[in-house]
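Paired with chain B in one complex and with chain C in the other, chain A is shared by the two complexes that follow.
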Partner chain A sequence: MQITDRTYTPAPVLLRTLRNLSLFGLIVFVAGLFLNHERVWGGYLMGFHFFTALALAGPFFLALLYVTGSSWATALQRIPEAMGKALPAALVLGVVLIAGLPSLYEWSHASVVEHDALLAHKSPYLNTTGFALRLLAMFAIWIFFSRKLSARSLSSDPRHGPRSGATLKLSALFVAVFAITYSVANFDWLMSMEPHWFSTIFGLYQLAGLASAGCAVAIILAIYLEKRGPLRGILRDDHVHDMAKLLFAFTLFWAYIWYCQYMLIWYADIPEETSYYLHRQEGPWWLLVRSTLAVKWGLPFLALLSRWACRNRVLVVRVAAIVLLGHAMDLFAQVGPPLMGSEAKLGIWEIGPVLGAVSFFFLLTIRNLSRESVVPAKDPRLAESMHYHTS
Partner chain B sequence: MSCRLRYGAFADDRDLLDAARECQEKGMPVRDVYSPYPIHGLDPLLGLKRTRLPFVTLVAGATGLALAFWFQYWTSAHNWPLNVGGKPYDSFPAFMPVAFELTILFGGLATAFFLMARSGLFPGSRREPVHVRVTDDRFVLVLEHRDASLSVEDYESFWHRHGAVETWSEVCGCNR
Partner chain C sequence: MADHIATGETPLITGGKTPAQVTADVFGPLDRKPTWLWYAAFLLAASALIVGVVSVTYQIMTGIGTWGLNRTIGWAFDITNFVFWVGIGHAGTLISAVLLLMRQKWRTSINRSAEAMTIFAVICAGLFPLIHMGRPWLCYWVFPYPNFRGPLWVNWRSPLLWDVFAIGTYFTISLVFWYIGLVPDLATLRDRARGLRKKIFGFLSFGWDGSARTWSRYEVACLLLAALATPLVVSVHSVVSTDFATANLPGWHTTVFPPYFVIGAIFSGFAMVLTLMLIARKVMNFEDYITMKHIGAMCRVIVFTGSIVGLAYATELFTAWYSGSEYEQFAFNNRMFGPMGWSYGIMVGCNVIAPQFLWLRKVRNSLPLIFIITLLVNVGMWFERFVIIVTSLHRDFLPSSWTSYLPTWVEIGTLVGSFGLFFTLFLLFCRFLPMIAAAEIKTVLEHPERDAKDADRRAA
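Then we have the complex of A and B:
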């Protein structure tokens, strides 16, 4: 079968809706800066983190496909490529975040650090300049690799094509660099909200969250593109099945890492470690944490256990949407307690920025998808991908 | 009624797949296929139903999970309560790793044993491979020749057409 380029024109109503939701998020954020800046910065951090995780999932999946020599997903490869192209926008969101440091992190106040021996000890690393420099450095690395990786499938030069040794090396390097940089970034962005507490598995926990949320978005986009035309006749049941299996595995992995972190801290019962769960194991936060486990792991686990379920597009899309909801709940359970103490407050200041950021991500990704052929027609692995079987 | 088993060994799994497709189209009964690895797309051609093995895994895994929780509860909270670090006797988080492992152990072992028992592979059972290279790089298609309207020559041309590298036949044994 000869496959030619297939272009995709997004429905105007979809673009309009996403644009309005993004604008809504922006308006809530700007209004919040004047009306309730303590809470809106928390919401902004969640939105920024969600957005960055989804954008980073793009090059991460791309590198995994190259490293493992996978050809099954070649027909869908434009989706992670388009996701990665949202990274420069994430950088802009990150630069804005620097303005909100005083509302989010106690270590950013010199007066607090002065009277806190531990924070003073950590201050050569944990300070505003260091935070900003690390943020810029991480994004520079990620954007560099993301651009290089997505250029590979467009290259007609066999030495730099998708199956070349150079691509393999680049991807392997990125996977290693990414694991370290994403951990370091999350020590800054989320873990330092409670600067007396530490967890060595924290980076892996965030990585598991990123993979499950990114996989959910890729599934939603793939099935949407099939419905809208460009992937019709290309997306097979087998592709849906495999992506659903990946979603199942990533959410299970996320719950596994959650439990690893929780159980070791619970077992050892050392005050400097248990402080993290002290708020979270009480009242509304404990309800939120348990609901998050049910939504982000329990539901997908039960729903995707059977083979027929993984091949049912309607069901898989719904589960993917539930996983995204679970990811937002997970972020709230992490960002909320250090800002609000024992009282959980959920309102427009949290929902607005998160909803806006996710809509903005979808808006950018859908626009990027419409720029090039949705099917990588020149890729030598495409034929294999289109005859892919799984059982 | 006379019945012969016609064997054809292929060097390429795609040739075997084409041959199996023709068998399905013409209604030639296939007894079995031997291959060093699973061939994608073969199951529907042979009309194989999906395996029910996952149910064994599910039931055995659930049994392991329940047993592990019950046993840990019984030992640490009921039969011989021990104070470990001031934690409650019935500490659910501490039971989890063992319960997790036992789920996998029960599920895995039961699946393996059930599969072997179902395929007749147990200590003392003697099995000769249908072809000495079938565990390496040969793919063997076994047809049941019952239809009197088909001649030996028909089968020979069938094998030839699909590029079988070796063919032989034998009288049907008892139906397996």
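Then we have the complex of A and C:
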């Protein structure tokens, strides 16, 4: 069949643009280290977090597809595979982040911990060595699973092929491990920025953000690959429709989790918890939080309610881009307040690293996509996926 | 349908059934007299129901003082049972609505009974707040209707009022969804019946004619209802969780409660569905319809949701330590090692450890082991609510008011009665309505001849 050879050559313009934007991010970051390291580390953390979430969404979606025995997305599964291959780069970004701990987390200063009973209580967990070790361990686990999972679809050995029992087990195990590790990672990276505050739903909130941003990227890549050729005639309206519905569901889920956390903290009104929203409910931060809700949930919700909208590629890609913008705003609303206090500042030190990280992610993923056939020809469910048809 | 043969998968319905055989298998038992097994089960269920009726009557005539509540523990058995039954009622709508939207075709064998179970479970759940009112004849006070009682009126900021609306909506939609799904099968019943039965089923099936247009409308209606019901699966138990999570009580107030309660509800609901289905397939000879494939899929849902529940327990414990709040830490210490620590042990053992055995293929292929695990999960999920409610209350901020709690015979009788009501309704349902959605089953049957023709055409 002709589908065995669906290679993809990225447009040089696209590669050049992404490379330049990534370089721009890097230059801003390095310059920031000398000129304004307080702020650039905040931007760096956002970029790192955004990058890691997108890369992790790859193996996460892949495992979900295998676990649920889905066949509809088989033709598109090289996209999450390529996304997951950006994880080693995320690890490098994470190692650099360790150098920025003093600018980001107050618990990293021994002098502060000494005079703060609560931080002293938490110091067996919140300390630089622990942070670094956990970061390395989690990335090791993620990279291990991601590589194993994406190797499955290339294997022609039926016992380790994409639909074997071994793959199913591996996927189920990854979903379980991922839920734990991603919660821990976010307690470390984001929640501990306000080390007195705590929320049990925090890990799930980040997971919801990861799923919606990751889905948005997968949509953008799928429609782009169709336009560029390799998925032409393979990506059906039904695929776009289903992915748009997933985006709808993930953003709605994100809003649900946001509301659970906010409503319960507002209602119970306990000082230990309200501190988180007190400074976010004032001035520009409150405007940012409310616009994030509108951009990350309100707009996609209204735009994707109708069937025709979910099948309209131009509209769906735009909504996906809006969701990515919403994700960046959400990160800023979380990272900004503890670093800047009541004075919200948005400038090159924040935009540069985030833009650079996201461009770098797209650059890596597109290059990974061009390495293999864009269609997993060895998957026995490919035919089913290509003839996928819903009402 | 040919595709899963190509990928080497087993079909959903085994035994090479034809549509006519499906009709005979599903509707046949309704034409015959019930078996002795059914009578025995019905007798048992009805007896339990009578125990409940006696207990509740005595309690309403005497007052809530007949319960084991005291100055510290104002909520115990009744709310535990309420949350337990609402939870059981979650699998039905998840199976029928969410799995329909996700095009999981294995749902067709179990959706009818799971939905029926949902409705009966929500009826059981609804009884407990009603009984707890003490004066159930004033229950209409929970509704905000125009009145002259001045400023004393329903409190819109109370999660208990949200419960009224959340559960009322859920019950209505589940009932409508279940009924719409029944219509084609009611028409089959009508076609098989004579005399008065024919008239009754004719009325109930809305003059279903089975034309292409009718089917098309029917499918659209099901999809729309599924989309309406899906948010309800999440909202009901989220609202129930706020009964606790909005309070300032350590052990109750934690932000993860809404999603964690939803997952717990799906977990317990699936365990109950599986318990009932394992019995039903044996008693009704439905082995070809509820196959090992269906059971395996349900086992996977159980181990998945059970693991999330375990993660939520672990997160709560970690956060209790991490928060540095001595009240939080005390609440969880007391929960695990206090005088009621045994109940925490049962909860973790049944909800987190027991389902982990379902990772093993050997266990997933053994019906007795699965049956035991689902029973354990049912017990564990009842204890989860007991642990959350009672152990958080019994040692509050003021050590002088610390007490213990023991249920009285009235409370135990009411719990037994709720099981009696549930099983009585379920057994009546098995007797008078088709337990399996025959019309939907016919859409997932194998058609070897037609598939062979299709394959020839494709090859050519």
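Structural remarks
The rule we apply is simple: the second predicted complex is superposed on the first by the 388 of 391 C-alpha atoms of A that agree within 3 Å, B and C clash if a C-alpha of one lies under 4 Å from a C-alpha of the other, contacts with A are read in each partner's own complex, and residues count from 1 in each chain.
One rule holds for everything that comes next: contacts are C-beta pairs under 8 Å (C-beta built on N, C-alpha and C of every residue); 3 or more make two chains touch, one makes a residue touch a chain.
Remember, it's a predicted structure, so these values are computed and weren't measured experimentally.
With the C-alpha superposition on chain A as described, chain C and chain B clash in the combined arrangement.
Chain A is touched at more residues by one of its partners, and among chain B and chain C that partner is C. Looking at the shared chain after the overlay, A:Ile257 reaches chain C, while chain B stays out of its contact range. By the touch criterion stated above, A:Gly47 is placed in contact with neither chain B nor chain C. By the touch criterion defined above, A:His389 lies against chain B but remains apart from chain C after alignment on the C-alpha atoms of chain A.
Residue contacts after overlaying the shared chain place A:Tyr267 against chain B and chain C alike.
The residues of chain A shared by its contacts with chain B and with chain C are 263, 267, 269, 390-391.
Of all residues in chain A, those touching chain B in their complex are 259, 262-263, 266-267, 269, 307, 389-391.
Interface residues of chain A facing chain C in the complex, by the touch rule stated above, are 67-68, 71, 117-118, 121-122, 125, 163, 165, 172, 175-176, 179-180, 183, 187, 198-204, 256-257, 260-261, 263-265, 267-270, 272-273, 380-381, 383-384, 390-391. By the touch rule above, chain C contacts chain A in their complex via residues 3, 6-8, 102-103, 219, 223, 234, 238, 242, 245-248, 253-259, 300, 304, 307-308, 311-312, 314-316, 319, 322-325, 359, 361. Those residues of chain B that touch chain A in the shared complex are 38, 40-41, 43, 50, 85, 87, 93-94, 96-97.
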